[in-house]
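Given below, in the form of structure tokens, are the structures.
You will see two complexes here that share subunit A, one where it goes with subunit B and one where it goes with subunit C.
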Partner chain A sequence: MDKMILSKNDLSKLIEELLKKNKVYGPVKSDDTVLFEEIKKPTELYLDYLNSEVPPKALMLHQTETLFKFIPGPKGKIEPVDMDEKKVIFGIRPCDAKSFAILDHVFEGDFDDPYFITKRKNTILIGLSCSTPGTNCFCTSFDDSPAASKYVDILLTDIGNNYYVEVISDLGKQVTKAAGKLFKSATESDTKKKKDAEKKAIDMISRTQKTDKIVEKLDKIFENRFWKDVAFKCLGCGTCTYLCPTCHCFDIQDESTLTKGARIRVWDNCMNPEYTIHASGYNPRPARANRVRNRIYHKYNYYPKNFDVIACVGCGRCIDLCPVNIDIIDVVTKAGEVKP
Partner chain B sequence: MVDEKELREAVEKTVKRDDVKYVVGYEKGTYGFQVTPCFAYKSEDADKFIFSPLCVHNLAVFPMLEEKPPLRRGEEPDKRKVGVVVKGCDSRAIVQIIQEKGLDREKVVILGIPCTGVVDPKKLEAKFPGKTKNAEIKDDNDKFAITIDGKTSKIAKDELMPDKCKTCEYPTPVLYDILIGKEIKGSKKENYKEIESFEKKSLKDKWQYWEKQFEKCIRCYACRNSCPLCYCKECMVDQLDPQWVRRSVDVSENTAWNLLRAFHLAGRCIGCGQCERVCPMDIPLMKLNKKIEKEIKEMFKYTAGVNAEEKPLLAMFKPDDPEDFIL
Partner chain C sequence: MKENPYEPWLATVQDVREEVGGQRPIKTFKLKFNDNKIQDNFSYIPGQCAMVSLLGMGECFFAISSSPTKKGYIEVSVMKLGKVTTALHELETGDTVGVRGPYGNNFDVNGWKGKNLIFIGGGIGQAPLRSLIQYVVDKRKDYGKLDIIYGARTSKDISYKEEFADLEKRKDVNVHLSIDVKEDGWKKFVGFVPDNLLKVKPSPKNSIAITCGPPIMIKFVIQNLEKLGFTEDQIFTTLEMRMKCGIGKCGRCNIGNLYVCKDGPVFSYKQLKNIYGER
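Coming up: the complex of A and B.
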């Protein structure tokens, strides 16, 4: 891993360099909403943000993704979509970057998903450490840090006048090589500054989720009344799932007119009653309690069983925006304390 | 300000009744300023009930969210009532649903709270960002007394109140079984100032404005699910055959969704502002609802959710109804 520094004044030069060969996406503020959007010039970036409203998973797994286009009818034909776009996601938070690593397990495995994998391969992640984590941030509950470098190609950490630059992967090396003049080697004092910044951020995280032996504990309380109590105030909207960086369920539909159409993939969410409804009319998860429980089990039981990782990164979005304060830190911690 | 002791006594008394299943009210949430809906099944549960300017949720949605799972053979349906704690605006939702015969008056016990205005959580967050520790708000006449980690500051209500409270005509619930505290006479008037200034914009500007708003929509349907008046068994947007609104999330389908919903609430929306409160993308949905409310008030002299005996607007005909909008 190369350790370097980049002067804050040179940041725009780096972005301009990146814009030459790639599409660059980064946090952009419009009204009060921060979203990851394509930028055309460095000034569009808004780096003083906590978390984007919609997670950058939307760039890997589009909310509406065209799988292919077609012309319907006997003379119809299929037209594939172009997937070779090279892009850079700039300013992604370590937690959101981790979500990509978590999603990899689903989209590459027994059956590779070309749409996700191609995007993933063609994307360079330039992360930006969190210096002031929010109220409901809890990435440290999963032994991660607001300045974790392992999920990105390059990680920038604010250390005053400079960014401390950690180059993690070969893709990252290509970037620093191409813009070699902008980077200087880091001194030991720079490394210390990064560590201090990281510690300061970690100390600001005030909430902890207790996930010790959570897989085994959840195994024992599937039928417990606890879930009914948790879910009773749930309104059944899709805010928690759509804004979750690791929720990845989708629905596939053909949308067409008489002359043209497309097969699309759209986000779906397990809080929706029709999500599991069978063609027969039978619904295995008829009540909100079944659905809320499923969301928790998927993240804290099924996923660790299958892939050895909890499918939550601790970004806090679902807690911040739940209309009725269903708080995943609280729910999971309390679930661990339920007597079977 | 509501006496919480009186509230808890009323909850306890209600939940003790044999014909009541549970009472839904408010309790302190898990962090910062959060307050969350809570349920009392037995009299001890009443102890956690609170009321403060942070009680922003419209709990009238809960009787409508009741799930009725299929009964086992020989099992009797639970016919007991649900107790609901309501503010003035929330009570109007219940009245409106009763008007529409969506809810039987006999099925609810209404615990009314005369309300002096709540805070807008988004305005509060902007003013005091990221408070994890104990934070509380109390009503102090024309100010909110905000206590964070033991320190109290007072802020003028107008600064933190949602727009709906600034023009609230019904601070005291219009329908209740038990009133907690003394009735408050409504002294404010809805003047539709914001709507009137928006109406003056050109068609192009208005369209641009809404296009930008609807582009943001992620179709989580939090607006629908938090709305007490959105109680269709199957929402038109979930229907697959015919599919009225496509699943594609783009500005065209999003516009269809948001406008269809606004029209489905015409003459029914009681202006509690839940849709706007819960929208994660901050779409100003009340602007749509208020515009329709204003038109209806002007044309038909009808206000939704004030009299349970009245017929709903779309279910009554008067020979002198205006017709100028019919082409």
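Coming up: the complex of A and C.
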């Protein structure tokens, strides 16, 4: 791993260099909301942000995405679509970058998902460490850090007048090579500054989710009334799922006129009763308690069983934005204390 | 397997056969891939499924109801229930559909060689069993005694009537049909499938029981199989769920940590007892 520094004054030069060959996405603020959007010049970036309201998974798994086009009907034909172009996501937080690594398990495997995988391959992740984590941040509950470098190609950490630059992957090396003049080798003092910044950020994280032996604990309380109590105030709005960086469930629908159409995939959410209803009218998850429980189990029991990783990165979005204050830190911590 | 698993191959409807009429009609569609190479390379094992779509209407996940021993086509049997199945029921010979697959696991056709097989089906649940029945009948000497128990609400609701008639003529297959309610002229069993199973009373010795039908039927069939001495690893069923992708990504068809589309649809009763989750 190369360790370098980049003067804050040179950041815009780096972005301009990236814009020459790639589409660049970064945090952009409009109407008090920060979202990852395509930028055309460095000044559009808004770097004084906690995190984006919608996670950057939206750039890997589009909210709506055309799988292919077709001529509809019983004499139909299929027309494939072009896959994605090269892009850079600048300013992604380590937790959101981890969510991509978690989603890889779903979209790779027996059946590779070409839409997700192509985007992953063609995307350079330039992360920005969190220097002031939010009230509901809890990435440290999963042994990660607000300055974790392992999920990105390049990680920048604010160390005062400079960014401390960790170059992790070959893709990252290509970037620092192309903009070689802008980077200087890091000194020991720079490295210490990064460590101090990371420690300061970790110390600011005040909340902890207890996930010790959570898979085994959940195995024993599936039928417990605890889940009814948790689901009692849930409105079923699905905000938690749409804004979760690891929620990946989707629907596939045909949209068509008489002469042309497309098969589209759209984000779906497991809080919606239609999500599981059979054509016969039978629904295996008819009550909200079934659906809330399924969401928690998917992340803290099913996912670890299948892929050996908890499908939560501790970004805190679902806590910040739940209209009825359901708090996944409390839910999981308390679930671990329920007597079977 | 296709490079892009979401993109179906085109296939042409070769034949449409009405199995059952009335309120919940069932039709069997005989499909041939437009590309001969794909038709030749589309290899599957009984129990596996395919996504069949009508472009512009959407896709549904169906058991392949024909056997891979029948070359040159695949068949799916479709009950008219929702938007896509209603559109499929309008199809005529020569029309185009999209097909992708095969998906899911399969019946253990090799492991079950030499064993007696008992098929217990109800209604449209016969579709996946039909694939396996065709397969073992085509490879008759590989398997032991074959008992086929099948029931429907009325005699009109019996699927695959001609095939059952052909099977009844064979000396090496025992067919036990039933209807739920008494009808003039019906000389076979009247009553529910689980009761017919008790009457047929197959021996569990060196046997495998495979059941598919409405959930309530499966529940009592399993109870009665246990009464007859079948152990939980001698009982198999195939499950269904609402599905969109068919390849374990869209999220909705899970029972616990297993996806019915990918880890199923065939499960032993032993497996089902040990996983929890809504179904």
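Just so we're on the same page, the second predicted complex is superposed on the first by the 335 of 340 C-alpha atoms of A that agree within 3 Å, B and C clash if a C-alpha of one lies under 4 Å from a C-alpha of the other, contacts with A are read in each partner's own complex, and residues count from 1 in each chain.
Note that in this section a contact is a pair of C-beta atoms (placed from the backbone, for glycine too) under 8 Å apart; a residue touches a chain by one contact, two chains touch by 3 or more.
No experiment lies behind these values; they were computed from the predicted model shown.
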After the match on subunit A, would you call subunit B and subunit C a fit or a clash?
fit
Is A:Gly76 touching anything from subunit B or subunit C once the two structures are fitted on A? First, second, both or neither.
second
Is A:His278 in contact with subunit B, with subunit C, with both, or with neither (first, second, both, neither)?
second
Applying the touch criterion given at the start, work out whether A:Gln253 contacts subunit B, subunit C, both or neither, answering first, second, both or neither.
both
One more residue to check, A:Glu53. First (subunit B), second (subunit C), both or neither?
first
Rounded to the nearest 10, the angle in degrees at the CA centre of subunit A toward subunit B and subunit C equals 90
I want to verify the contact counts: of subunit B and subunit C, which reaches more residues of subunit A?
C
First (subunit B), second (subunit C), both or neither touched by A:Ser7
neither
Contacts of A:Leu67 with subunit B and subunit C, given as first, second, both or neither:
second
Touch check for A:Val106: first (subunit B), second (subunit C), both, or neither?
second
A:Arg263 contacts which: subunit B (first), subunit C (second), both, neither?
second
If you've got the overlay open, could you tell me the nearest Cα approach between subunit B and subunit C in whole angstrom?
7
Do subunit B and subunit C land on any of the same subunit A residues, and which?
251, 253
Complex contact set, residues of subunit A against subunit B
31-33, 53-54, 63-64, 134-136, 206-207, 232-233, 235-239, 241-243, 251, 253, 255, 264, 266-267, 269, 272, 274, 286-288, 319, 321, 323-325, 327, 329-330
Going by the contact rule at the top, pick out the subunit C residues touching subunit A in the complex.
1, 3-8, 10, 13, 53-60, 81-82, 85, 91-92, 95-98, 215, 240-242, 244-245, 247-252, 254-257, 262, 276-279
Within their complex, state which residues of subunit A touch subunit C.
67-68, 70-78, 80, 106-107, 109-115, 219, 222-223, 248-254, 256, 261, 263, 265, 268, 270, 275-280, 282, 284-285, 290, 294, 297-298, 301-303, 305-306
Can you name the residues of subunit B that touch subunit A in the complex?
29-32, 34-39, 57, 61-62, 65, 67, 69, 126, 130-132, 216, 218-222, 224-226, 238, 246-250, 274, 277-278, 280-282
